[in-house]
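Every chain is named by a letter (A, B, C and D) in the order it is written, and numbering of its residues begins at 1.
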Amino acid sequence: MPDTAVADIKPLNRAQMAARVARDIPEGWYVNLGIGIPTAVADHVPLEREVIFHSENGVLGMGPAPPKDQIDPWLINAGKQYVTLRNGGSFCHHADSFSMIRGGHLDLCVLGAFQVAESGDIANWATSENDTAPAVGGAMDLAAGAKRLWVLMEHTTKDGTSKLVHRCSYPLTAVGAVKRVYTNLAVIDVTERGFVVLDMAPGLTFEALQARTDAKLHRGDQ
Amino acid sequence: MIDKIVQDMADAMAGIKDGSTVLVGGFGAVGQPNALIDGLIHQGATDLTVACNNAGVGHVGLARLMELGRVRKIICSFPRSSDPVVFETLYRAGKIELEIVPQGTLAERMRAAGAGVPAFFTATGVGTKMGMGKELREFDGRTYVMERALPGDVALVEAWEADRWGNLTFKESGRNFNPVIAMAGKLTIVQTQHIRELGEINPDHVVTPGIFVDRVLHVPYGDPTGF
Amino acid sequence: MPDTAVADIKPLNRAQMAARVARDIPEGWYVNLGIGIPTAVADHVPLEREVIFHSENGVLGMGPAPPKDQIDPWLINAGKQYVTLRNGGSFCHHADSFSMIRGGHLDLCVLGAFQVAESGDIANWATSENDTAPAVGGAMDLAAGAKRLWVLMEHTTKDGTSKLVHRCSYPLTAVGAVKRVYTNLAVIDVTERGFVVLDMAPGLTFEALQARTDAKLHRGDQ
Amino acid sequence: MIDKIVQDMADAMAGIKDGSTVLVGGFGAVGQPNALIDGLIHQGATDLTVACNNAGVGHVGLARLMELGRVRKIICSFPRSSDPVVFETLYRAGKIELEIVPQGTLAERMRAAGAGVPAFFTATGVGTKMGMGKELREFDGRTYVMERALPGDVALVEAWEADRWGNLTFKESGRNFNPVIAMAGKLTIVQTQHIRELGEINPDHVVTPGIFVDRVLHVPYGDPTGF
């Protein structure tokens, strides 16, 4: 194993991972953030950089979570958390809301995932074929519909199993949909030749990253 | 004089038959027609198919209806919740049928039913379990799956304002599935926070026009945290 | 010819024809009235009998035409005439408006026609296969979508040709859609056995009506 | 800061290419983006396919665009008008292609394009010339025809109010096709009677959310009879 520098690697924590994604979202994009770590991305986009956040339940232009004493019980996001609405935000019904998603009007969707394959396949809704009460929500619509799908997830499971794979073993959410993966270890584009590493956590070498990754990685500077 | 406003829950629920498909609005606790669901529990119809985004929480509302053995099948996108014990117990015991549908496909299938579209194509679910066994077709180089309309015998809606012609408005994210199921239901029953005089709702601001509404019951329960 | 009583027949005029249709529309129905004579039906429904008139261009709950000095230039019907909106009326966009039509939410549509066949076929949008600039508008949507389609038309053309036919010779608007026909001579249901006469103009006999009608008629009391 | 408001017609029209499909809002004179149509006439793009409910009146607006030979094909439901001379002359001379579409199918095809539905089934047109050559299919005992989505490279919209994020409202029957084509256009350009501050339009009353809008031009022309 060429993994000689384990002690020096500084994997990103969750806040840093969310901030890393936020850095890459330009003003003016319409963005849907999935449940879990992706939701935190919004906290790292400054309000003066106007990014318009969409939620499946008919909310466009979400702002930050309200202080506890200013909660509006009628205003939740798809994760059922209380949110606020920015000036310029609006409400619509579910079919119209998913027209935004399915009609290709979102510039970006950021989802969590169990696995991403080098072909861009994503598995993020069920961990086995016989999951009790599988729950897909809007993930398949978002994955198939948004102009860009980025995945934000830990690079490996808790037991060290790679989540970037040659081929997904879990049930798919969408085929060939992922454009980029942000993990605690790296930023990786999904291209025609497979995974291409754009950026790595401090202290990490390409070889060390490959050692933690089942799928073959390509260097971004090639 | 047209007056869709009914005076009590018995009138609101009259005629719902065993075996009905019931569409239920709401997303999370917001915009959920809790009073009407309780009314349905009392009304007694059984062998129901329920289509709703979620599959109930705790032992109240939809979960209670299921616990009483009145729901044969649930069609939803997200059966998980903070407390999905009733659904999961029934599901594991094979006592309830589950049709899991991507959330956007669920909304679009209901909208299609309301709009006279018996089937449509979508990219959602292609290459996944949701696309299995369904017709696939390529248009302009991309593969799509055919989905069928999902009409309801009954639709249960929660509105913010309503008038005697059945015109409705909704409050913020309480809109969600409600206007869509109102279109898709043969018998659309509404509980509303506020009753307005005819003409009081600005005609440019009506979200669900009365043509999609059959009965309106005044249930001024306050906000979704009140349940 | 058994047509012995021509002098005594009193065909309905246009206002009487419209009034005859209006008589049969109960309170609470959602009704779309086609361009031409059908539009006049609304004038014969008293306001206190609440019938809700729909227009294709997103107007539900139309009231009577405004006095000339109270015209609202933003409020027209599908025939591009100025109308009013009743209390309880509302506006929507074209796709929503046609969802009302195509989704089977209208209780009734009344259209004019060139021909109606005993099978319920209707031809009302073009008089030849090579019509210059054929214009279909919303007629096909209305004919296929409304719960009931009634036709309001003269019984014959100006030259005496029957408009109730065995089979339409003009291009069809919809197949098997017409439920009832109101003419200046009769009210005729379209049933599985064909045209059944419900009502006739004063002075008209069944035989005289049949003599003016190409299609076979059936007596309503049989 | 997002600012979709453009300062002049040249900016509004920038980039419209020859060969584009242009969706145009309006029904009769109401809600018709007359200023934008004139802008397109000046802008110069040609070989256009225009989808609009009508095919122009007199020698102005759409009729003028056609008279200049800039429209290859028109897709509409009702090419007749009080003065359809330009269209009829071109049509009889074989100088313009006509695709006649039932009005509801036209609206639904545009809505489908905006909603990611490449094709859908409808009962409208079955057994008529409109259904000829198209795929027919039976669902639950009734025959339907398959219709394809109708996307636009450009959509020209007339609104009542707009803000810098592109949120729109419409006035009465001026709504008509406008919100539908706004969804269906890749480049959606709006002329608006009124510009509002961000947040001034009630979020429950927004009809077309800004996600469907690219450019907004302030054209306070008054009412439709002013043209």
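As a working rule, contacts are C-beta pairs under 8 Å (C-beta built on N, C-alpha and C of every residue); 3 or more make two chains touch, one makes a residue touch a chain.
Just so we're clear, the structure is a prediction, and the values are computed from it rather than from any experiment.
Colleague: If we look at subunit C and subunit D, which chains touch each of them?
Modeller: Common neighbours, subunit C/subunit D: B.
Colleague: How many links in the shortest chain of touching chains run from subunit A to subunit C?
Modeller: 2
Colleague: Between A-B and A-D, name the chain pair that shares the greater number of C-beta pairs in contact.
Modeller: A-B
Colleague: Between subunit A and subunit B, tell me the centre distance in angstrom, where each centre is the average of that chain's C-alpha atoms.
Modeller: It comes to 30 Å between the two C-alpha centres.
Colleague: Taking each chain's centre as the mean position of its Cα atoms, how many Å separate subunit B from subunit C?
Modeller: 36
Colleague: What's the distance between the Cα centroids of subunit B and subunit D, rounded to whole Å?
Modeller: Chain centroid spacing, subunit B to subunit D, equals 33 Å.
Colleague: Can you pull out the residues of subunit D that are in contact with at least two other chains?
Modeller: 108, 111, 115-117, 122-124, 170-172, 175, 203-204, 207
Colleague: If you look at subunit C, which of its residues touch at least two other chains?
Modeller: 85, 91-92, 95, 98, 101-102, 145 - these are the residues of subunit C that touch more than one other chain.
Colleague: Based on the touch definition given at the start, go ahead and assign the chain network to line, ring, star, complete or other.
Modeller: Topology of touching chains reads as other, fitting no named class.
Colleague: What's the complete list of touching chain pairs for this entry?
Modeller: A-B, A-D, B-C, B-D, C-D
Colleague: In their shared complex, at which residues does subunit D touch subunit B?
Modeller: Listed in rising order, the residues of subunit D that touch subunit B are 108, 112, 115-124, 137, 139-140, 142, 144, 148, 169-172, 175, 203-205, 207.
Colleague: Enumerate the contact residues on subunit B facing subunit A in the complex.
Modeller: Spelled out, the residues of subunit B in touch with subunit A are 27-30, 55, 77-80, 84, 87-88, 91-92, 98, 100-105, 107-108, 110-111, 122-130, 170-180, 207, 223-225.
Colleague: For the complex, give me every residue of subunit B touching subunit C.
Modeller: By the definition above, subunit B touches subunit C via 1-2, 111, 113-117, 163-165, 167, 183, 198-199, 201, 203-204, 206, 209-212.
Colleague: State the interface residues of subunit A toward subunit D in the complex, per the touch definition above.
Modeller: Residue list for subunit A touching subunit D: 27-28, 30, 48, 50, 52, 54, 60-61, 85-92, 95, 98-106, 145.
Colleague: Can you tell me which positions in subunit A touch subunit B when the two form their complex?
Modeller: The touching residues are 55-59, 72-76, 78, 80, 85, 91-95, 97-98, 101-102, 121, 132-141, 144-145, 171-175.
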